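Before any comments, here is the structure.
Which chain is which? They are A, B, C, D and E, in the order written, and residues in each are numbered from 1.
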Amino acid sequence: MLASILQNVINALQWGSFYALIALGYTLVYGVLTLINFAHGDIFMVGAYIAFFVASFALTTLGMPGWAALALTIPATMVLTSLVGVTLERIAYRPLRRKGAHRLYVVITALMAGLILENGNLAILGASRKAFPPLIHETVYTIGGVSFTNLKIAVIISAFLVFAFLHWVVTRTRVGMAMRAISYDKFAVPLMGIPMDNIIVVTFVLGSAFAGLAGILFAMSYPVLEPYMGALIGWKAFIAAVVGGIGDIRGAFIGGFLLGAVEIMVVAFFPSTFRDLIAFTVLLAILTWKPTGLFGVAKTTKI
Amino acid sequence: MFRYTFHIILILTGGLITWMAYEEMLGLYTLSVLMFMGVNIIMSTSLNLVNGYMGEFSCGHAGFMCVGAYISSILGVLLFAKDKVFGAPLLDPSLAIYAFPFLILAGGVAAALAGLLVAIPSYKTRGDYLAIITIAANYIIISVIENLGVIGGSRGFMGMKRVINAMEDVAYLPWMPIWVFLFTVFSVWLLRRYLSSTFGKGVSAICQDEVAAEIMSVNTNKIKTISFMVSSGVAGIAGGLFAYVIGYVNPGSFNILKSTEALVMVYLGGMGSLSGSILSAVLFTLLLEALRPLQIIKWVVIPLLLIILMQFRPEGIMGNKELGDMFPWLKKFYKFK
Amino acid sequence: MTQTQTHTNTAPVLEVRGLTQRFGGLTAVNNFNVTLNHGELAGLIGPNGAGKTTVFNLVSGFYQPSEGDILVCGSNTKGMKPHQVTGLGVARTFQNIRLWNDMSVLDNIRVAQHGRLGYGFFHAIARSGRYRRREDEVEREARELLEVFDLLRFANEYPKNLPYGTQRKLEIARALSSHPQLLLLDEPAAGLNSSDVKDLIRLVRWIHGRFDVTIWMIEHHMDVMMELCEQIKVIDFGQTIAEGTPETVRNHPAVITAYLGDDNI
Amino acid sequence: ADTIKIGFNIPLTGDIPKVGESSKLSAEMLKADINGAGGLDVGGKKYMLEFIYEDNEAKAESAVTTALKLIEKDQVLAMIGPNSSKQAVPAGQVADDNQTVMISPWSTNPDTTYDRPWVFRAAFLDPFQGPVAVNFAVKTFHAKTAAVLYDLSNDYSKGLAEIFRDVFEKKMGKGTVLAFESHGTKDQDFSAQLTKIIATKPDFIFVPDNYNQVALIVPQARKLGYKGEFMGSDAWGSSELMTLCGDDCKGLHFSTHYAAAGAKGATKEFIDRYTKKYGYTPDDVAALTWDATRVVLKGIQNAGKLTGKLRRDRKAVRDGIAAIKSFAGITGNMKFDEQGDPVKCAVVVQISQKGDFEFKESVCPE
Amino acid sequence: MLLSVENLEVKYGNIQALHGISFNVKEGEIVTLIGANGAGKTTSLYSIARLAPPEAPKVVGGDIRFMGESILNTAPSDVVKNLKLALVPEGRHIFGNLTVMENLELATYSRDKDADLDKDYQRIFDLFPRLAERRKQRSESLSGGEQQMLAVGRALMTGCRALMLDEPSMGLAPVLKYELFRTLKKLNEEGMTLLLVEQNAKLALDIAHRGYVLDTGTIAASGTSEELAGNPEVRKAYLGG
């Protein structure tokens, strides 16, 4: 019993890490533009595919050893994925922002962009799923009936590192402060001598780059790639981000692990057919108890 | 003089469709497209009440559609059709013909009650937090149905066709097209009357400045509750029709994807414009059918088209105006109370 | 213009006892008391951050007081939601204009009668007799109100496209359309130029007579206060530091140091 | 020459695009064959085949309109598909109402054909497949207990899982199915369910899931330290299974429609040509589509001659199919019962070390 | 000539707000724009600050020169960064989700790091002690007046040499209002150039050297403060008497 509880704690941590990683990207972009970037889940998917191609290239064409391939894949993927994110911002979101469109129109555009990424992929690469090549040798350690792998540990650790980094950027640096300023009042930002579009680009770079990283780690842990792989996890990550308090880095991080834990633990201790039922009821309860998420500050309407 | 032109045209269209369907001049394919068009119109207009007029961001509309679909289907089969699960019909199938509208409305009422699932939290929270609550509601509803083995769970539920047959046995008419048309008109009529009353304008007040609304004597919680219930109730009606049109329901048909379709239609048409939602629902349905030949590419082209369209009309097709405001000359052709 | 309210009860229009409001550490309003009788035109002044708007927020039910009681026409507003307080006859304007910008001017006035519509959802759907009767009255009242405020020509405009001064005026009209006993004005002259300020003074005095309503206003334009108010309360750090006629207040040393300052530049 | 139009109602986008793709490819191959040979011979007259592929987006409503479009707009003589019961059940209704033959290659939900004279299928049903899996597992693994992991939102998976549980418990006694766990269609992490299952120490785990999920489930189970057996179902039957799952899946068994490896005769020929043409061994749905389509063609030929009067021809085709005494398909011989379901054998295959699906045994309805 | 506006025409969508106005500001001057509501004062300042649509108007004619250079193609952030010309916008526009201190820090975004900021912070806290008390308060909960102080302080923190203020005294208690105007005067004596939009024409003309009167998008009158104060129309319309 204890063993399986511990086992599930590890499961929850590892699964939560992915929610957290993706949720961070959501919240980062949201924190600046109050834009729910529904394409984020699909950017994550693109990241996984990019990783797939880079890795296979490195392994087969260049004949690199796994660790070297990985060392190449991570930066390459993060760069390329961030390009995807920035491109989206440039061609789809920015023009709308310039026209002063209601934010939800940008949200819908994001939704559409996501569909394009998914089905574009399907149209180009065909319906066959891709198997992500093993880059590191996964060793299974079993201690007192609790099994975990070096990869799982790596995933969890990197989630914490990414969080720490982003938290530092947003709270400690001027760029981060500028990001928060933009989210509150775009109008006055230039008046502070801040080039708004640069800040926004930086945001998308960060968000997408870490979506890319998540993509790699995910592909390594769940090596079956398909065009729609980002859709559901994207939605869930968004939910996690909001439950944590959207726009708040800590919120996304905690929210991610919370959602992961809820999903895993519900299955562990209830009939798994009730997973969604119970899991979402819990979330609903949390939001009724804390109407602006765990960390979200209620915007004091000053009249 | 011309003020009733609109009503007359409406009646004529309805009559024409019925007649042509009856005479089988309209193929079933065309009819089915028309019927899904009607369902979509109901979906988008009802969602517009919450997302457009009230300025919330509900992403779980399909959930309420689902409630409506199942309730009206189950009732119908239980009462008027012999079924593997429920056995013999409880009532004389020949009554179905009279009961049908009430079956659909029952679905609507049930959905409206389900709407409370969202309405009550909406007192305390709004915006994207409420969005999550609606998504949660959607998931919860689907999950409940998947767990109800009696009504087939994820295997889905069928037998509605037999109810329709029962109706046709009594009088052979294209019942579904007729009812879809009538309920589409009814839904829009209902929404319009609500929103055009001073009472209903409270909704827009909440959207534009909730604090001011509350302090200027608008009972915001009451209005929110009513609006959410109306919105989800009408969605329930759409669900019921959807179920009877297809003759088979399956929880999988009402997932987030379905909800996002409704979202797209609302924003494509324009927040706060019923005629916009109608227009976009029509366009969207036609687009989906017209682009079938593209097969896989279709789902690349459609979003692309929508993105481009948004670039040109960043407020959606109609913005927050109605046709009448856009083309004032139309005004002389109708007069609504 | 139909004035349905009649004042039989002799209780003061507003009675505030020991009102205190804390925000975390800070006490924005501290044991504040006031009584306004029917027909008064009183003022509330004080340095920035003194707690004036907070007092208004408390009276209009937007905040629940940490301590103290607020009685409107004799009935305690404890636990009431703002729209209920408005129902008791309190209406207000806002320090930064809060009109419904995407609604026609006329609708702004109509919706502000929401509390007294006297019909509900089903009447609206059925377009019942009561519905039609009330809608007509609402419409008529709204137009009359705009008429007397000389805003009728803007009836179908959107507030956001109106000049600033006009918006202020409209906000006051909107407040009145809920038939208040007590009208709270939060810096109605802010952002108006001197000629508009003159009109405002005339307007407020006229309203006071025309709608026989009790008015309580916050304003940093001293000349406005001096001209209009019979009684002025001065608060600082949420506490009353002086009160009385404009004259007494103006010459009160504490007021001069804390609020008026010296105007040679 | 005249042409015969046949419609395909398949999921080219949506949840299971691969299923649609395979159907299409194998149909294309068949069409090429026949038209290459000068067309289909019906009552001494040659007809060219025209296949119309419509995407049903793996949605029920879309499958309905698709069916109607094929029947009316395209005036097809008969329809193939949909594959997934979610679409096949409602589409079957449409076909039946409009008196047009529909034959679903892979739908295994009884409702699809139940009470619908115009609707047939090429696959055996879950109520038949369930026992096959049970008996095999009990015999081969000497299993006393079992655990099940299935996809709650996939009607197929759920149905089969329930049948399996009932049959197994009837055979081995109450409570011998130690764990009965579910997951969602697009889930990627199954650690919680597996942890729970493994803790009950079952003799084997039955996984009636689509191959792509199998490719995640099995390795994850291994990483959680599970060393025991798995038993699978027809939805495993895709060449992709092995590219995705890798070594972890080697040696496992699943019940299915045909065994690619070591096949003989027509089956072997089909497999080789398909592999040559498209670069991967055909999966079950490819083979089933091939058979389904040939059943239709057979039906057409049985009809004797085509009058060109669509309603009459469709009726003729329907009777033609119903009249098929015995049909030698590449997924085995079959004939149709009064419900339009095939009476055919299932095979159990084992995944070899080379990753081929090797024939283990064949179970036929008695 | 620090800043010169040459028959500037601007539009909001298709509403023309300015019909070719010209005015200029010399180094070290205080120039004031007065005019009725809707005259185009804010619009002028927006155009000079190069704010972009949708909130801000679009220049359709004329030119804006800063030290002779046209700045029509300068990005708004560069107006602050390079030209050192800052704007205190009408309606405050403080960053409510940041603390008072963060608001001020943010304003130093474009300043070179070695500038000694402490002196400037000190200057502002001397000017507005209330801000010093509220360093850590989320600024959206500040009172109206407190927010106005923050807005002015923030602009000063950008280390600008010229400052445009749009109705800075709005919502300020008299004592602060006079204090503020004294400070503006002091700043100007320290060499800061000011372009001041103010409803309270009397105060404005008290400290300004020159002024322009705007009326529905055109210049109605101009001259030294004394001239304007003497001008009967101006007295009647804007000085109340």
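Keep in mind that, in the parts below, contacts are C-beta pairs under 8 Å (C-beta built on N, C-alpha and C of every residue); 3 or more make two chains touch, one makes a residue touch a chain.
Per UniProt, the chains are A, B = Branched-chain amino acid ABC transporter permease; E = ABC transporter ATP-binding protein.
A quick note: this is a predicted structure, and the numbers were derived from the prediction, not measured.
> Quick check on the contact graph: shortest path length from chain A to chain B, in steps?
Shortest path length, in steps: 1.
> Out of curiosity, which chains are bumping into both chain D and chain E?
Touching chain D and chain E alike, sorted by label: A.
> For this structure, which two chains have more C-beta pairs in contact than any other pair?
The chain pair sharing the largest number of C-beta contacts is A-B.
> State, to the nearest whole Å, the distance from the C-alpha centre of chain A to the C-alpha centre of chain E.
Distance between chain centres: 43 Å.
> Between chain C and chain E, tell me the centre distance in angstrom, where each centre is the average of that chain's C-alpha atoms.
Between these chains, centre-to-centre, one finds 31 Å.
> Approximately how many whole Å separate the CA-defined centres of chain B and chain D?
The computed centroid separation for chain B versus chain D comes out at 35 Å.
> Hey, what residues on chain A touch two or more of the other chains?
In chain A, 99-100, 119, 122, 273, 275-276, 303 touch at least two other chains.
> Of all the residues in chain C, which ones touch at least 2 other chains?
53, 62, 94-96, 98
> In chain E, what residues contact two or more other chains?
Only 141-142 qualify.
> For this entry, which pairs of chains touch?
All chain pairs meeting the touch criterion are A-B, A-C, A-D, A-E, B-C, B-D, C-E.
> What part of chain B is in contact with chain C in the complex they form?
190, 193-194, 197-202, 204-205, 208-209, 211-221, 226, 230, 272, 320, 337
> Which residues of chain B touch chain A in the complex?
51, 57, 117, 121, 124-125, 128-129, 131-133, 135-137, 139-140, 142-144, 146-147, 211, 256, 260, 263-264, 267-268, 271, 296-297, 299-300, 302-304, 306-307, 310-311, 314-316
> Residue numbers of chain A touching chain B in their complex, please.
Residues 30, 36, 92, 95-96, 99-102, 104-105, 107-109, 111-113, 115-116, 118-120, 122-123, 235, 238-239, 242-243, 246, 273-277, 280-281, 283-284, 287-288, 291-293, 296, 301, 303 of chain A touch chain B in their complex.
> Note which residues of chain C are touching chain A in the complex, please.
53, 57, 62, 94-96, 98
> Under the definition above, what is the set of chain D residues touching chain B in their complex?
Of all residues in chain D, those touching chain B are 12-13, 17, 53-55, 57, 59-61, 64-66, 68-69, 71-73, 85-86, 89-90, 93, 97-98, 109, 111, 152-155, 158-159, 185.
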